Structure formats: C-alpha cells, structure tokens
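Below are two complexes that have subunit A in common, paired first with subunit B and then with subunit C.
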Partner chain A sequence: MEFLVFLKDHGPELIRGSLTTIELTMLSAALAIIIAVIAGLMRLSTNRLVYGPATVYVEIFRGTSLLVQIYWIFFVLPLFGLTLEKFTAGFIAVGMNLGAYGAELVRGGIQSVPKGQWEAATALSMSPAIRMRRIIFPQALLNMLPPWGNLLIELLKGTALVALISVSDLMFMAKKINSTTYLSAQVFGIALVLYYLMSRGLITPFMRWLERLMARKVGKRL
Partner chain B sequence: MFDWRWEFVWQITPRLVEATGRTILAALLGYGIAMVLGLFFALAQRTRFKLVNKPIREFVEFIRSTPLILQIFFVFYVGPQFGVMLSPWPAGMIAIGLHYASYLSEVYRGGIDSVPKGQWEAATSLSLSPTRTYYRVIIPQAIPPAFAGMGNYLVGIFKDTPMLSVIGVAELMHTANSIGSEHYRFLEPYTMVGVIFLLISLPTAAVLRKAEVKIRRKMGLR
Partner chain C sequence: MKPTVFHYPAKLEGEDIPLVRFHEVTKRYGDLVVLDSLDLDVAEGEMVAIIGPSGSGKTTVLRMLMALEKINDGIIYVDGEPLTHMSRNGGLVWADEKHLRRQRLNIGMCFQHFNLFPHMTALENCIEAPVQVLGMSKADAIKRAEELLDMVGMLEKAHEHPSRLSGGQQQRVAIARSLAMRPKVMLFDEVTSALDPEVIGEVTTVIRKLVHKHNLTMLMVTHQMGFAKEISDRVCFFYDGKIEEQGPPDQIFGNPKSERTQQFLSAVLEAN
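Presenting the complex of A and B:
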C-alpha cells in the first residue's frame, strides 16, 4: 500500500527522468556511431597525418574516466570560450567517450573481413570508396554488431553520470527523490529496475533484430 | 589564451599525488574483491542446481546492465534505512567489487568454456577428483584466454574509481573537486586528474599486453 502511494507520488518524475535518459542515450549513440566510423577508418590509414589524430583521440578518451571527461567538458571548456549547456555537454561527453571504444570495434571489424574480399573487389576494378561501401563495410558491420550491443548498454549506463552535472535524467531524479523522502531502497531499487528494462528490454532486442536484418542483407549480396 | 598557472599546479601536486595513492588502493581492493567474488559467481553458474545457477545468472545480468553509479548510491543509502551504517570506503568497495565481480565472472566463464572437452574427459578417466581437475587441469588452461579480459577490467576498475567520489571517498576526483571549490579554479585540477589517469592507464595496458604474450608462450600456446 505504502509502495503504491510512493509510486503515485513519484512515478511521473521517474518516468520523466527515464525519457530524458532515453533521449540522451539516442543522441550520444548517434554521435558515438558517427565518430566511431570516422575515427575507425582513420585508424586504418597508412598516412601518419590521418591515423595520428585518430590514435590520440582514441587513447585519450579510452585512457581517462568518463566522469573526468564530463567534468572537463562542462567546467573547463568554458574557460576556452566554449560554453555548452549541461544537456549538450553531457551527451557530447558520453558520445565522444563511447565513440573511442566504438572506433576500435570498427577498426577490428574491418580488419576481420577476409583479404580475398579486398582482392576480389580490386580485381573487379572497384574504386576504394565503392569497395569499402559495397563490399567491406557491410561484412564488417555484421561482424561487429554483437559487440556494439554491449557498447550501447555501456553507453546507456554512462549516461547516468551526467546526473552529476545536474542533467535531470533518471539517475538525477532518483537522487532528488531520495533526498526528500529518504526512501532509498524504493527509489534506487525502482531506478535500477528501470535501467535494467531499458537495456534488456529495449537495446538487446533492438540489436538482435538489427543482427538478423543485416545477416539477411549481407546474405543476399554474397 | 586561457590562463594556466604553473605555480598553482605545483601547489596542488602533493595533494593530488596523495589522492592518486588512494585511487590506486581503491582500484586494487575493489579488484581483489571482484576476483574472488567473480570466481564464486562463475562456478555457481556451472552447478547443476537450477535453484543456484538461475538466480546467480539473473543477478549477474542485472548488475551488468545497470549503472555502477546507481549501485554505489544504492549500497550507500539503503543500508542506513535498515539500520546498517556503512562508511564511504566499505560501501564503495562493496559496490565496485560486486559490479566488477559480475564482469569478471563472465571472463572466467569464457576462459573455462574455452578449455577443450577432451581435457575434462581425460581428467575424469585419470580419476582425478573435481577439485584436482579444476586446480591442476582446467584453471591453468583457462587463465591465458581469460588474461586479456581480466587486464581490461583492471584498467576499467581504475577508471571507474572517480564514481566513488559521489559518496565521499577521498580519491582523485573528490580531491580535485575540493581543490577546485577551495580556490575557484577547475582548469588545473581537472586537467591534472585527466593526465594522471592517462599516465597510469596507458602504461598499465601496455604492460598487461606484454604479460599476456609471455603467459601464452609459457603455457605453450602460440
């Protein structure tokens, strides 16, 4: 009974927080995917001016903590004259962090495509761009989809950290309700379950669906 | 240009170095707990009793798909509601240890699964006891494939320790925050924290990669 009253009082806030978390996750996932593809391809180049910057980016973002990156982007960048609104700073930090991990997946995925595929495409006198787009990348994508599923769950979990720069996501709402009601087990417990539902109920099934879709597409092309 | 003050850097260096020690301690303690608990989770999932392996499996999945920061809050705040007061360090170690235990249990499982079935059968046919089978045959062969994953999570736990600052564990991030609010300067402390993380995590990752090659060679694998 008490629990129902609690849900009635605070449910709407938790739902609003969850929606913000989903929004953050989608925006940072989009950013992470774009960055990962660009940086991953750059890392494969043999030109130092191309792979150098990508390597520095990947090492810096994988070598430090996401929380440090969020604080740095939010508190230090303004000193360089670049002030970001907290929501923007949050999703950019999360996207750039997971983008660095994603870049390694893209690189590994492309490297895992058998050499014969490259040679065959060259033998058919495809240009490097078409070879990448039509032959190599679709197969690489199929190889790297399962680890991307894990990465997206890491990304969802990463968005919880932006609550520390006061973005009102699920984590932030849970903290806020806890500080007024002191019902820690209930509020944090519900928040944990909501995060679990988002990762196992939304991300995992979506990735499974995408894997099946891609397998069919690549299967047709082969 | 922004104003970076070297004298301020030298002034705060001793405090940050001291905090680095505590960060490393937190990471090692957490990792120790995770290694032991993770082995327990991995072995519990291998038992035939459905009442043991199913709940443990679900528990590990749950921990892995929810944010560590929320788990830290949960452990820290839920205790007092039931009359168990935990100070920041034990609460933090329990949360981070439990989180990484569930990751490590997956690594262990992968390692154990990678041991060929013939090895189990050979151990059985030599009538080795289950304990001896694990200690002398299975675990030594499971270590090399698990080593890379274990190394990644050692660096990972180190990079996640800043989250402990939210419940008041005086590690690097917490110290940088207090320095920042004492002096109203965030540029130097936050940047230095980032640099310290890079200086520790990049060499550690390199050393672990070398160690992996060595272990593989010692075990007669490739």
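Presenting the complex of A and C:
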C-alpha cells in the first residue's frame, strides 16, 4: 500500500524525468551519429590535415571521462565566452563523447567491406565519392548496426551523468525525491527499472527493426 | 616539388597502332619485382590468353591495365593514349586520379570472385555505373542492362540479389555489368577459378560468344589450358615477371620452344 502511495506522489515526476532522458538520448544520438560519420570518414583519409583533427577529437573524447567533459562544456567553456544552457551542454557533451566511439565503428565498418568491392567500383570508373556513397557505405552500415545498438544503450546510460549539472532527467528526479523522502530503495529501484525498460523496450527493438530493414535491402534474410 | 617529366611519345600514331601497349613496364612490391620491363602489344579484336605459374605476374598485368595499382616504371598506352601518364607542359607526367578514371572507361574487368555489389540486384548491379558514372538515364541503362543480361542468359534472374545466385550465375552477371560500360578492352582474371567444375561451362560459353560475335579485345588470365587453346589468338607464357614465350596457341601448346614452358605445360597437363 505504501508503495502505491509513493508511486502516486512521485510517479509523475519520475515520468517527466524519463521523458527528459528520452529527449536527451535522441538528441545526443543524432549528434553522435552525425559526428561519427564525419570523423570516421576523416580518419580514413591519407591526408594528415584531414585525419589529424579527427584523431585528436577521438583521442580526447574517448580517452577522458564523460563527467569531466560535461563539466568542461558547462562550467569551463563560459570562461572562454561560450555559455550553454544546461540541457544543451548536457546533450552536446554526451553526443560528442559517444560520437568518438561511433567514429571508430564507422571507420571499422568501412574497412570491413572487402577489398574486391572497392576494386570492382574502381574498375567501373566510379569516383571516390560515388564509390563511398553507393557501394561501400551501404554495406558498411549493415556491418556496423549491431555495435551501434550497444553504443546507443551506452549513450542512454551515459545521459544519467547530466543530472550532475542539474538537468532534470530521470536521475536528477530520483535524487531529488530521495533527498526529501529518504525512500532510497524505492526511488532508485524504480529508476533502475525505468532505465532498463528504455534500453530493452525502446532501443533494442528499434535496432532490431533497423537491422532487418537493412538486411532486406541487401537481399539477406535474418 | 616538381613532377618528373617523361619523354615517351605523348600519343601513338600511325596505321596499325596496337589497342594496348605495355612499354618497359616494371612493377615492384618493395624489393620484389613482379613485372620486369614488360613489353606487350595487343591488337584490336585480339584475344590474348595469359598463362604461367602463380607469382609470375600474370594477374598483375591485368591489374596494371585496369589502373587498380600504379606501375613503377615504363608506360601503358590504350588506344594510342597514355594510361599511366598524362600530358603536362609538353611532356608526360604520372597520371592523376582524374586521368586514370577517364582512361578506366576504356577497360572492363571481371574478377575471380565476381565482386558483385551484394546490396543490389543483378539488374541494379548492371545499371549502377552507367547511371552514376556515364550519366545515362535510368530507362536507357535498364534497356542496355536487360539486353546484356539476356545475352549472358541471366535476364530471368535480373531482380535477384547476388546472394541468391550460384557462382556461375554471379560471374555471368559480372560480365554483363562490365560490358554495360561498353569498354574497348575486357580483362578476365581467372574468372572460372572460383567456380565449381559443373558451372565453368556456362561462363566459358559466354566468353566464347563474346569472341565469336562481338570481336572484343580481350586479355584473359586462366588456368584452363584447353579453353585458352581453343579460344585465344595468342598465348603468352609468363615466368618471373616476363613473357618467357608467346605465340599462336597451336605453337605454344603443340611445340613450345622454351624449356620452362614445356615444364609448366607438362606439370599442368599431368595435374589434369
């Protein structure tokens, strides 16, 4: 009975927090995908001026803590004259962090396309841009979808850290309720379940659907 | 850095210039010399079979002509124009990517492992380059592709993906895909080596058709001596990056002069 009362009192806040988490996840994911494709392609270049900056980006964002990156973007950038609203700072930090991992997936996915495909496209006089867009990237995409599914779950869980710059996501709401009610087991228990439902109930089915869709396009059956 | 200027002729002129000319072409991988100052002319309409032990450089000849890799020395001409070089300030310099891309239009190549694009149907494989590279309308490209697929006996499977086709069928689609670009020279790189014995015939039948009906210029690397003997105008036996011996098939297979050719042929025939 007590638990039902708790749910009635605090359920709406937790739902609102979850919606913020979903929103953050979608925006960060969109940013991460865009950055990953650009940086991943740049990493494949043989020109130092192209692959250099991409490598520096990947090294920094993959090699340092996400929490420190969030603090940097929210607390330190204003010292250089760039002030971001906390929600914006949060999704940019998470997106850039996961984008660095994604860049490596893009690079690996492209490199995993057999050499014969590159040669066949070259033999048909395709320019590097056409070859990448029409031949190599569609095949690379199919190869990299499963690891992207993992990465998006990581991303969802990573968004919990933005609670520390007071973005009112699920984690922030849970902490807030805990500090007034001291019902830690209930509130953090519910938070765990909600995170699990979001990853298993939203991201995993979406990725499966995408994998099946892409597989159909290449004439494979999963 | 100034580019090196070469003093080869910028254009081959005259009555009977070859369609393909390798002039003193050398290819090295590190210290390993794969092609050693190779000279080879191929006349228009000629079918040249290239045979030889593995590592003798025979596949490399095709890869250089397709401009999949760069040569280290010498020059290759196609239809009188330099392939590996381009004119710059009255001399020749190494070709840039754009020049190579234009020259590749003259050459078509079929590979041992077919290399069809797996995410496209047979028909889509055949219209992709004509539409994307030549700028043909989709309708025209489809018309051309359907004629070619019909010629190789694959029209019925036009809407299947490669994963649903047998090796022999995939190779026939690959031949149609190359022909859709209307190349002047076709290269066949061990196109039957990856096939099961019972489907080799369907691919050789297509090649035979090309020889007899279409008078295409072709270079074919093959291990099928019988087919080479039957179909080619000339056989080149490669050994150690050079042409050890060449001549009409009757001469090479019936009365080889070089001891290495004799050894190679007797070893191959024994294996069969």
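Please note the rule applied: the second predicted complex is superposed on the first by the 219 of 222 C-alpha atoms of A that agree within 3 Å, B and C clash if a C-alpha of one lies under 4 Å from a C-alpha of the other, contacts with A are read in each partner's own complex, and residues count from 1 in each chain.
The rule is short, and it goes like this: contacts are C-beta pairs under 8 Å (C-beta built on N, C-alpha and C of every residue); 3 or more make two chains touch, one makes a residue touch a chain.
None of the values given here were measured: they were computed from a predicted structure.
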Subunit C versus subunit B on the shared subunit A, clash or fit after superposition: fit
First, second, both or neither for A:Leu161, with subunit B first and subunit C second: first
Partner chain in contact with A:Met26 - subunit B first, subunit C second, else both or neither: neither
Partner chain in contact with A:Gly116 - subunit B first, subunit C second, else both or neither: second
Which superposed partner A:Ser127 touches (first subunit B, second subunit C, both, neither): second
Spatial angle subunit C-subunit A-subunit B, Cα centroids [nearest 10 degrees]: 100
Partner chain(s) touched by A:Ser184 [first = subunit B, second = subunit C, both, neither]: first
Partner with the higher number of touched subunit A residues, subunit C or subunit B: B
Distance in angstrom between the closest Cα atoms of subunit C and subunit B, superposition on A: 23
Those residues of subunit A which subunit B touches in one complex and subunit C touches in the other: none
Subunit B-facing residues of subunit A, complex: 59-60, 63-69, 71-72, 75-76, 79-80, 153, 156-158, 160-161, 163-164, 171, 174-175, 178, 182-185, 188-189, 191-192, 195-196, 199-200
Residues of subunit B defined as touching subunit A within the complex: 2, 61-62, 64-71, 73-74, 77-78, 80-82, 159-163, 165-166, 173, 180, 186-187, 190-191, 193-194, 197-198, 201-202, 205
Residues of subunit C touching subunit A in the complex: 66-68, 97, 101-102, 104-105, 107-109, 111, 113, 115-119, 121, 128-129, 132-133, 160-164, 177-178, 181
For the subunit A and subunit C complex, residues of the former touching the latter: 114, 116-117, 119-128, 130, 134-135, 138-139, 142, 217-220
